[in-house]
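Paired with chain B in one complex and with chain C in the other, chain A is shared by the two complexes that follow.
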Partner chain A sequence: MARIRISARKALHEWKLYLFVVPSLLMIATFSYFPALSAVYHSFFDWGGGEYKQFLGLGNYRRLFSDPVLWGAFGTIGILIIANIFKMIPSIAIAVLVHRLKSDRWQYWYRVLLVIPMIVPGLVTLFIWKFFFDPTSGLLNAFLDATHLKSVLIELDREVLHWNVFAEGIPIPWLGDPKLIVPSLILWGFPWIGAVGVLIYLAGLQSIGTEVYEAAEIDGASSLDKFWYVELPLILTQVRINLVLLVIGTLQGFGLQFLLLGNSGGAGQAGMVPGLWMFNKAFIAGEFGYACAIGMLLFVFILVLTYFNNKYVRVDK
Partner chain B sequence: MNPAPSPAPAGGREGSDWLKHAIIIAILCIELLPFYMMLQISVKDNTSFLANPWLPLPPGEWNLGNLVSGIRLIGPYIANTVFVAVSATGASLALALLGAYFFARYQMPFGRLLWAVFLVLMLMPGVANIVPLFALLKGMGLLNSLNALILLGVAGGQVFQVFLLRNFIEDIPKDLFEAAEIDGASHFQQLRSIVIPMSGPIIGTLAILGFLGAWNDFMMPLIILRDRELFTLGVGLIYLDGEYVKKWGEIMAAYLIASIPLILIFLFTMKLFIRGLSAGAIKG
Partner chain C sequence: MRERIFNGIGIGLLVLCFAIALFRVVSRTRREADPNVTTIRFAHWQLESGVRDAIEALADDYEAQWKARGRNVRIEQMPIPERVYPNWMVTQLVGGTAPEVIQIGIGINDERTARFFSPLTREVGEPNPYNDGTPLEGLPWRETFVDGLSSPLSYNQQLLDYFGIPMSMHTIRVFYNKELYQEIAGDAPPPQTFDELLDLCRQVREFGETHQRVVIPIVGSQYNAPYLMGDLFKSQTQRLMLAIDQNHLLRADDNARELGYLRGKWNLDTPAVRSAFELMHEIAGFMQPGYLNASREDATFYFVQRRALMVTTGSWDAASFHSQAPFEIGIFKLPLPSRDHPRFGPNILGPFSEASVGTGMTFGLNRFARDSDLALDFLRYLGSFQASQKFTDRSGWLPAVVGVEPAAKAQPFKPLTDGYPEGFSYTKLNSETARVSDKHMYLLPRPDGAEAFAAAIKQEYPRAVVQDIWAADRGRLRQILRNDTTLTGFDALMRLRPTDTILERKRNELREAQFGVELGFERSRWTLGELGHPYQRP
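Then we have the complex of A and B:
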């Protein structure tokens, strides 16, 4: 629909139209723009969140660069980002598998089953996993004991890892041992199926016509060939978008670490991530100014990623 | 590619699919394990849970008292969450409709600039906002109140909702609006009798997304709310998790009850729900 152009002169008469955007604008000005500007401003101050503040110049930023916890946190988030990228594979694999099924009815039912985890609040799924990790009543340890996989882990620890975290007769403290915290954060959510991702991939795959497969088969393409040359190219855009969103989401997220490990990032702060450190500095230590500076650092990282995303990855329509 | 996707099954034409079914079912079993555990533990007391954590109890031995204590534990939190989620989603969509109507129908002076004000927020990361937001709400005297959560919900939804609704309203045939104008319909009448009926699906999708967002939110409520009576589900569950003596049966029953509203929404609006999830992913 072509929009109705209203000239500047006529706009004086039709000024009431502006009232339609004013409420939305006021909301985002107050709760999005103001906090963002406030964060930039207060990152230069020693600020406790109230009236009192003292100008520090670049003090907070200098402190960022010599904050060992923060750089440790960036190291941890780096590991988690790399792990999360690999955790995209199961969703792609299951989408391709479901798509290749001959029966439409089964495709439909698998799709419904895949969405079921989404109707449990995310927080609840997370707490159920926390319960799985529980050393004494948790099911992960019960499973490892029952299947004797624990002796494999003990062997692995003794011969390869040298972590001294697995021992006969002692329940494994999944979220309690600094060495096991990052592995547990990675293991969380196994088998890492993202329902939304699968649905989107399936939608992309649906546009492949039967004749493409027939042609591929005449050429003697194997299953793997079909994946690389027919299926993957069709969902590649979506895979790339998901990849960038995932990296950005992991970089700024700290809900997972907060809920599983608490605001200090668990034993030895092994699960500390930058977002959680910002939260911790503001709401536990009361150093709002420094927390704003951490926030600005994350902001710049994500802005750069978003820039590259829009320049090189995102394909509009 | 092929513009009209063939409804016929596409993948491997030859041979049987049993191996694919086996792999998919195996993955689904693990994926659904938390859901299964929640269901079957929610009717066990601690003794039967410890004796037999894996298998469901026969229906005769179900301890339905867990569900009663579950409702007592988180019922009030659910009521608060429903209040916040419904008010925030409703108000947010109302404001977004007005804004989208402005952008979709008229090209006013400064319209482009105002649009940019919205678009910039699509790309701007909000990660640094949480700390100043707390100070802002403190200054406004809105700490420890559900209204703060509603306001944040409304503000947080604006950009995405205005963006999607604008695209949708622009696709409504212009003749409809012209006919209404000839009949002397005001802007509000046009919104009510043309825009809202024509954009039912997108409004439904956005409403589900907004509701899901409010339901899963825990960070802002945790920072803002202090009194137990005001807790929303997220904060309530965090406090429940922090208690020392764990009665897993009751906790799982509480988790189950926390999921019921979403399960109901899912059952009644499966199509919109799935579309909403996919739309949310494109949000960026």
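Then we have the complex of A and C:
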């Protein structure tokens, strides 16, 4: 769209119209920018959350770089980001399968079935999963015992993993052993079909015209070829958006770890992530200034990742 | 047509829900806005069974008394879940919408106390009018409480004022399922010694294997396990505590423990500490796998679902258990090893005395309350002999007021005052040492648990102790800065009112407190410097 130049005089002539924008700007300034700027300010102080604080200069930032727990947490989050990228695949696959259903009625009902679980609050789902992981009465251990898959895990542990976490007659402590915490966090949400993701991809797929499919069929494309060469390229915009949101959400988020493992990140702090460490430092240790500095570091990470994503993960239109 | 009907139903539901919500909000705020009714809001986090009913009964009594005097008073109870209470309370206080009477204890620090709560020093020095006609008539209100209001929640040692009025006190006990116990152990009495407790746990294990049932001997959780582990650790550090108690307080305060560690008076290899780890390992093996990840509710669930025989918790959970459990519950005090125990006895002085158990469920007065006189009057009522008797009868909780007879169901929780001072608490000294301990606690139940736990925390523990002392010193420094400002204010006021003796007394008390804090800070800094850990700001 061509840029239209408006003279400053003309713009200022209708100055009253700008007043309509002022309330929104004030709200954004108060509830979005002010807390962020306050966090930047307090990151330079030893601040216990009250009125009194001591200026430290870069003291909190120097401490950041020698904090082994924080860098360990980044390691954990790196694993979770990679796992979450793979966990996008089932949503894409389900969206493609639903899209390819010939019956519109069945497509509708599958969409409804996908949306219904969204009614359940996320917190409830987390607590249900916590129950699944319970060593003594959880569904997961009961399932493994009933299907004898536990003996497979025991064999795998003995021959390959050498973790010594799976043993006959002893319930598997999914959230109680450091070696099992990260796998449990990855397993959470199985089968990883997020309703919102599926609906977004479905919307993208439905914008593909039938003539594209007809052309592909004429060219002799198989089902898999259609997916790789027609459907996936045309929904890459949505995939990219979801990827950015996923990376930001995983970096920032700690609700999952907090609810499943508590504020210390579970046994051996294996589930500690930067967001949870920030929470721990603020509300458990009372070091709000240091927590703000951790927040600033997270902000820089996300900014850098977003920059690289925008620059290098392009989708040719 | 059908679509219109469905749309209409949807819109109709929305409008109906909105109307109901609006009605409820308007009817609620209308009561508050009524100029003929004075509302006192009363917030707490005690959602345990029986407590809210007991408070409601007290509120009804209080309202009836005022009605007889010709004034409409309404007490509005605001129970808030414990998990969100600190955030809720701070938000309310800062936002100026806090209730008039607030339970204090979690989420509170000196700064918030000084800023938002009214000191009650003068009031607690006078008799409570609600004690007239009772054995406590004429006594200063402070003297009518079992601990003389000496607990940290009641009397703030930094601010030198009384801020809290307690309603209860608590002790820790082991609760057990009597029916299940009968199945497993028959008519044998509950365990009286530590070895009998271990035998019982083994019997439970065998019972579970024989009957193909999941029965946990003692259920643990993040919430419950520390009570059990804490007592076990303290039993082994009784003699050690006397060795590090330089101030002869018969307890090891924070500085004594931490500085004692740095001075080498104790460490993770000290025989008493290793013995404590062994003791904790013995019991941890009888808790369910992954117990550290279980929450308080999970432990309760296991217990009332008959999947666990025993659970250790405070008297505050008794009423909840009684109301939820479909079986009879027995209670006994945790039997610790005795002095003549062949393995753990050498470190022990004797059974703990519960004489120093402080009061709890403490309430403070919002400094900015609309009707502060009435709020204070309500607090006086809550802290009176009559109200305390009613509270214990209804809730089954122990009373905090002298002379009040605990209800029958609270009798098993009466503090047993004969005994010896406890050892120093668990390895968790402050937030960093707590983090290091929690990180490796999962190792305790393993076959080599005690050794593995000690080896794992050894690497990080010395640094964690130093960081905790630094954190405490930073807190003292903040306190000094705050007090300096207040002292400057006092000096300025004294120049304006040189004959004000109350002002002078408060200034002198604060100055004395300031000396104490500065002394503690300097002593800590000097000791750290001497030991090679000079005080560092972050």
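Following the convention adopted for this analysis, the second predicted complex is superposed on the first by the 278 of 317 C-alpha atoms of A that agree within 3 Å, B and C clash if a C-alpha of one lies under 4 Å from a C-alpha of the other, contacts with A are read in each partner's own complex, and residues count from 1 in each chain.
As a convention for this text, contacts are C-beta pairs under 8 Å (C-beta built on N, C-alpha and C of every residue); 3 or more make two chains touch, one makes a residue touch a chain.
Fair warning: this is a prediction, and the values are worked out from it, not measured in the lab.
Undergrad: What does the overlay on chain A give for chain B and chain C, a clash or a fit?
TA: Clash: chain B and chain C overlap once superposed on chain A.
Undergrad: Please work out whether A:284 is in contact with chain B alone, chain C alone, both, or neither, and reply first, second, both or neither.
TA: Second partner only, chain C.
Undergrad: Counting touched residues of chain A, say whether chain B or chain C comes out ahead.
TA: Higher number of touched chain A residues: B.
Undergrad: Should A:105 be classified as contacting the first partner (chain B), the second (chain C), both, or neither?
TA: In the superposition, A:105 contacts neither chain B nor chain C.
Undergrad: In the superposed arrangement, does A:137 touch chain B (first), chain C (second), both or neither?
TA: Both partners, chain B and chain C.
Undergrad: Touch check for A:311: first (chain B), second (chain C), both, or neither?
TA: A:311 contacts neither chain B nor chain C.
Undergrad: Touch test for A:13: chain B only (first), chain C only (second), both, or neither?
TA: Touch partners of A:13: none, neither chain B nor chain C.
Undergrad: Have a look at where A:35 lands relative to chain B and chain C in the superposition and call it first, second, both or neither.
TA: first
Undergrad: After lining up the shared chain so the two structures overlap, which partner does A:302 touch, if you call chain B first and chain C second: first, second, both or neither?
TA: After superposition on chain A, A:302 lies in contact with chain B alone.
Undergrad: Can you list the residues of chain A that meet both chain B and chain C?
TA: 50, 137, 283
Undergrad: Could you please specify the touching residues of chain C with respect to chain A in the complex?
TA: For this pair, the touching residues of chain C are 86, 109, 111-112, 115, 214, 216, 222, 288-294, 298, 302, 307, 431-432, 435, 438-442, 471, 474-475, 477-478, 481-482, 537-538.
Undergrad: What residues on chain A touch chain C, complex-wise?
TA: Listed in rising order, the residues of chain A that touch chain C are 46, 48, 50-52, 54, 56, 59-60, 63, 134-137, 170-178, 260-262, 264, 266-269, 280, 283-287, 289-290.
Undergrad: Inside the complex, what are the residues of chain B that reach chain A?
TA: It comes out as residues 1-2, 5-14, 17, 20-21, 23-24, 27-28, 30-32, 34-35, 37-38, 49-50, 53-54, 95-96, 98-99, 101-109, 114, 117-118, 121, 123-136, 138, 151-152, 154-156, 158-159, 162, 169-174, 187, 215-216, 218-219, 223, 233-234, 237-238, 241, 246, 248, 251-252, 255, 258-259, 262-263, 265-266, 270, 273-274, 277-278, 280-282, 284.
Undergrad: Could you list, by residue number, the parts of chain A that touch chain B in their complex?
TA: Going through chain A, the ones touching chain B are 1-8, 11, 14, 17-18, 20-21, 23-25, 27-28, 30-36, 38-39, 42, 49-50, 90, 94, 97-104, 106-107, 110-125, 127-132, 137, 139, 142, 190-191, 193, 195-197, 199-200, 203, 205-214, 217, 223, 234, 241-242, 245, 248, 252, 255, 258-259, 275, 278-279, 282-283, 288, 291-292, 295-296, 298-299, 302-303, 306, 309-310, 314.
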